[in-house]
Amino acid sequence: MPVIELHLIEGYDIDTKARLGRGLTDAVRAVLPADPEAVTVLTHEVSAAGYMRGGQNRSPAPALPDPVKTVRDFLRAMEARDLDRAAGFLSEGFEMTFPGGVRMTRLDELIAWSKPRYARIAKTYTGFDTAMTEGGPVVICRGTLAGAWPGGTAFEGIRFVDRFELRAGKLWRQEVWNDMGEARLGEAQS
Amino acid sequence: MPVIELHLIEGYDIDTKARLGRGLTDAVRAVLPADPEAVTVLTHEVSAAGYMRGGQNRSPAPALPDPVKTVRDFLRAMEARDLDRAAGFLSEGFEMTFPGGVRMTRLDELIAWSKPRYARIAKTYTGFDTAMTEGGPVVICRGTLAGAWPGGTAFEGIRFVDRFELRAGKLWRQEVWNDMGEARLGEAQS
Amino acid sequence: MPVIELHLIEGYDIDTKARLGRGLTDAVRAVLPADPEAVTVLTHEVSAAGYMRGGQNRSPAPALPDPVKTVRDFLRAMEARDLDRAAGFLSEGFEMTFPGGVRMTRLDELIAWSKPRYARIAKTYTGFDTAMTEGGPVVICRGTLAGAWPGGTAFEGIRFVDRFELRAGKLWRQEVWNDMGEARLGEAQS
Amino acid sequence: MPVIELHLIEGYDIDTKARLGRGLTDAVRAVLPADPEAVTVLTHEVSAAGYMRGGQNRSPAPALPDPVKTVRDFLRAMEARDLDRAAGFLSEGFEMTFPGGVRMTRLDELIAWSKPRYARIAKTYTGFDTAMTEGGPVVICRGTLAGAWPGGTAFEGIRFVDRFELRAGKLWRQEVWNDMGEARLGEAQS
Amino acid sequence: MPVIELHLIEGYDIDTKARLGRGLTDAVRAVLPADPEAVTVLTHEVSAAGYMRGGQNRSPAPALPDPVKTVRDFLRAMEARDLDRAAGFLSEGFEMTFPGGVRMTRLDELIAWSKPRYARIAKTYTGFDTAMTEGGPVVICRGTLAGAWPGGTAFEGIRFVDRFELRAGKLWRQEVWNDMGEARLGEAQS
Amino acid sequence: MPVIELHLIEGYDIDTKARLGRGLTDAVRAVLPADPEAVTVLTHEVSAAGYMRGGQNRSPAPALPDPVKTVRDFLRAMEARDLDRAAGFLSEGFEMTFPGGVRMTRLDELIAWSKPRYARIAKTYTGFDTAMTEGGPVVICRGTLAGAWPGGTAFEGIRFVDRFELRAGKLWRQEVWNDMGEARLGEAQS
């Protein structure tokens, strides 16, 4: 039933308006059990001259990149071992925490750390969630891992979840959980 | 810079309006790098007689429970082994997936499954994220586990993350990842 | 798809808001082929102190009576030959035009005129249409007449239509067309 | 006193916006005795990307044709005996009811039926009313008929009223009442 | 032609809403030559829970006192030589400039300064203007002075103008101009 | 905290929108002690076809000239003794009142009147206030005069204030107060 009106300074592109519209729809539907068809978003665009705060016109800030796209692009670059490209998605102060609570800050550390753990790895995604915190958006991506153990045996279907915090459109925190410990434990016990 | 107007049928309580306002603010801030101070939400409440869709007045649906509160209450009941109370938070068709990809649908199955894994367990929360999907809200809670192995040795600081999907205010899916496999592997190898 | 916001000074009753909401919905649907479910009306009520035109607060005028109800009540009074009550629905300058182009201004004239035409008469309504003109609303009611000719023979199913113009909530013009001429012609020719 | 805001997806032409504006003004004035000068309509046009229902952008449906224009064009074609053109204004399932309750569905039936009733006929219009029903708009047109009886005697000033129901921009029902029975009765009795 | 919507947190009294409405009407009419009747102000009041900036609810600040009333009350107190009451209208840092460019900060200084200039004095007001500056409102009051010279001769009709700047509802600057110099000059030259 | 929405027919230039926005911001801040940053103005522009009052589209009236600019331009022309240009800023019925209550209607009268008072004069401006009255805007400008007495002695720093009323964008009343009487009195007494 709710109607949401969003007032923006004109100039945002179609994709940004769509992201805003979906986000506002979701925000309402997280609280009210409204039939999606009944949630209407109207985005009003005022001219830059027609917007004033504190008696002064303002320039609209460029939209942030889509956080899911940022995460996907980063993970694709990592999978391709294109560390330069991957590093371009990281904000200053980036920190990652991997299974066992291992903290690292550089991508080459991660590569070194993973070497004794698996020979190769690829991700299949089940889904991406985007949440919002006071500091910025959070992306949770989950799915399964396939690859080969250092000894060459293949594995697949190992569940994982990655949680990314973004700051100003860049990745700032990555936390990783997965069932590789369980899998290796199973292997060790077999 | 954006102003958001939300039009509701009157009758929602203060907490619901606050949840809506924060959700809308977050939805905008996930896309636009606006200074929080510059995001204004105005919630207009129209009388039931003053709202019409398709030429007909509508009754406002009761707000959904706060999904984070639902998750917290469920986890607290589980920790207290109050399975009856915990079951009250579950929707029909509830399914949970635990480390190793173990799928269960009943809480007593879970209790049975965990018995050989640990003697007791308690969660400390680092944070909760709320995302929205087409089907409904998703809550991701993360933190650390403390407890004792079946042999009695204590453990603590083991990272975990739980992902809950809600349907109509109830828990519908639970997925759990944690570092217990890593920890047990470490223990087994020591 | 359209959303209509109506801003009123507070104080109108539920029925008035419903009539306004339906009228606005119909007005849009007369022009746009929108699914009724997709036409939303939001009626915002501002306090009398919060409404100003030309720098001055205004008092909201009382709503006009429902024109269909006025027509129904007038026709019921006429059928009951309660001319006093019926006259209460007429505005100054009321004029009626009956089949054959007969113009009258007083209800007793009408009674006298109808005497040689039928012994008694009753209306069954098929429907009421409400249109709007610059001067005010127009009600068109149609249906069938049943009764008895002066000689006592019964008749029924004779089609009629009445068109009423209202001014300031009162009936100002009545125009009547029906198939009684056809029926009498048929009788005369039989 | 009322202010009406209409929110549309951009793209409608000037004439459509004028029809919407007048319709909304009339809808309010049918209920509230507001000075016309005090009824303001503001039509806000949002970009297609800025409108969302159920989280999805929508395409604006083309406006329906002006129902009065449709009726006028149909009647002009009938008067010119251009049955092909006239038939183009009819929806599937069209049905007409003429004086005496005669029901027809094809325009050539009507021509055949009218042949013994008059030799030629032309309409002069007094006015058109547009009402709205749940099914669609209704046009009531009234005026006088002039022409010649089958025997060649001219007649004029015979009152008529036509009521048209439209569906999806086409004529679906036509009901006709007039004083021709009265006139023929007068002639027969003279 | 313009319509102004003002969104406030609910709770302001009628007088405050009227002052806001008149101020907004005047602000538009200073720029657009609109017929006053055509300038509409709608004041929407949202509940405190329904207003959020930066994701946080806010308390509405109490309205400032009417600056014209403040000036009138101050001048009345001065005329009655009620310096205590008059001082209550002054903000910290108050400064006044009188004819000849005489600057003073205390009301008793003013009394002392004026003693050799006139024996008594009273103001008749022609009008009050209220302007707005970045620092706060400004009130300009003008009219005529009547009284008696130190020698006892009466005078009247001497033009004056006072300009007051207010800060946070208190008087912060007073500037006075009048024709007393001209009058005394005339007297001296006569 | 307040949000102001202004609805205009599209077509006003950037400067007009800025003047409107600042005027509306000031109007609110004269009544509510809001942090300037918290006062937002949104100017919505509807197409000419999308605006209707009394069921009729309207043409937007051209904006009035900026009254401060009009006053500045008039005073500059006067200072340059360009009476023709200065007269172009005056409305029919213009009247000015100078120190001592001297009323004049023609600029050459003023020149004649001032001749015995000073040999030359120039204004330095401290500030301009713009107020609004029912009749139109009022500009108050104040500052100091510098020049030479008829005998040739220079003067400077003499305080003045001018109050202008405008009608339809032209100057209609000018009232002048200054300390020249005080200064001449001082000179006479010295």
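For this structure, a couple of remarks:
The letters A, B, C, D, E and F name the chains in turn, as written, and every chain counts its residues from 1.
What we mean here is this: contacts are C-beta pairs under 8 Å (C-beta built on N, C-alpha and C of every residue); 3 or more make two chains touch, one makes a residue touch a chain.
Keep in mind it's a predicted model, so treat the numbers as computed, not measured.
The set of chains touching chain E and also touching chain F is given as B, D. Counting the residue numbers that touch the partner chain, chain C and chain E have less than half of them in common.
The best fit of Cα atoms from chain A onto chain F calls for a rotation angle of 120°, in steps of 5. The mean-CA centres of chain A and chain C are about 62 angstrom from one another, to the nearest whole unit.
If each chain is reduced to the centroid of its CA atoms, chain B and chain C end up 57 Å from each other.
Among all residues of chain C, those that touch two or more other chains are 3, 6-7, 26, 36-38, 40, 42, 44, 51, 53, 55, 134. By the contact rule set out at the top, the touching chain pairs are A-B, A-C, A-D, A-F, B-C, B-E, B-F, C-D, C-E, D-E, D-F, E-F. Taken together, the chain B residues at the contact with chain A in this complex read 1-9, 16, 19-20, 23-24, 26-34, 36, 38, 51, 53, 58, 60-64, 67, 97, 99-101, 127, 129-134, 136-138, 140, 142, 157-161, 163, 168-169, 175, 177-186, 188-189.
Note for the complex: chain E touches chain C at residues 6, 14, 17-18, 21-22, 25-26, 35-45.
Across the interface of their complex, chain A is touched by residues 3, 37-38, 40, 42 of chain C. Taken in their complex, chain B has these residues touching chain C: 7, 44, 46-47, 49-55, 57.
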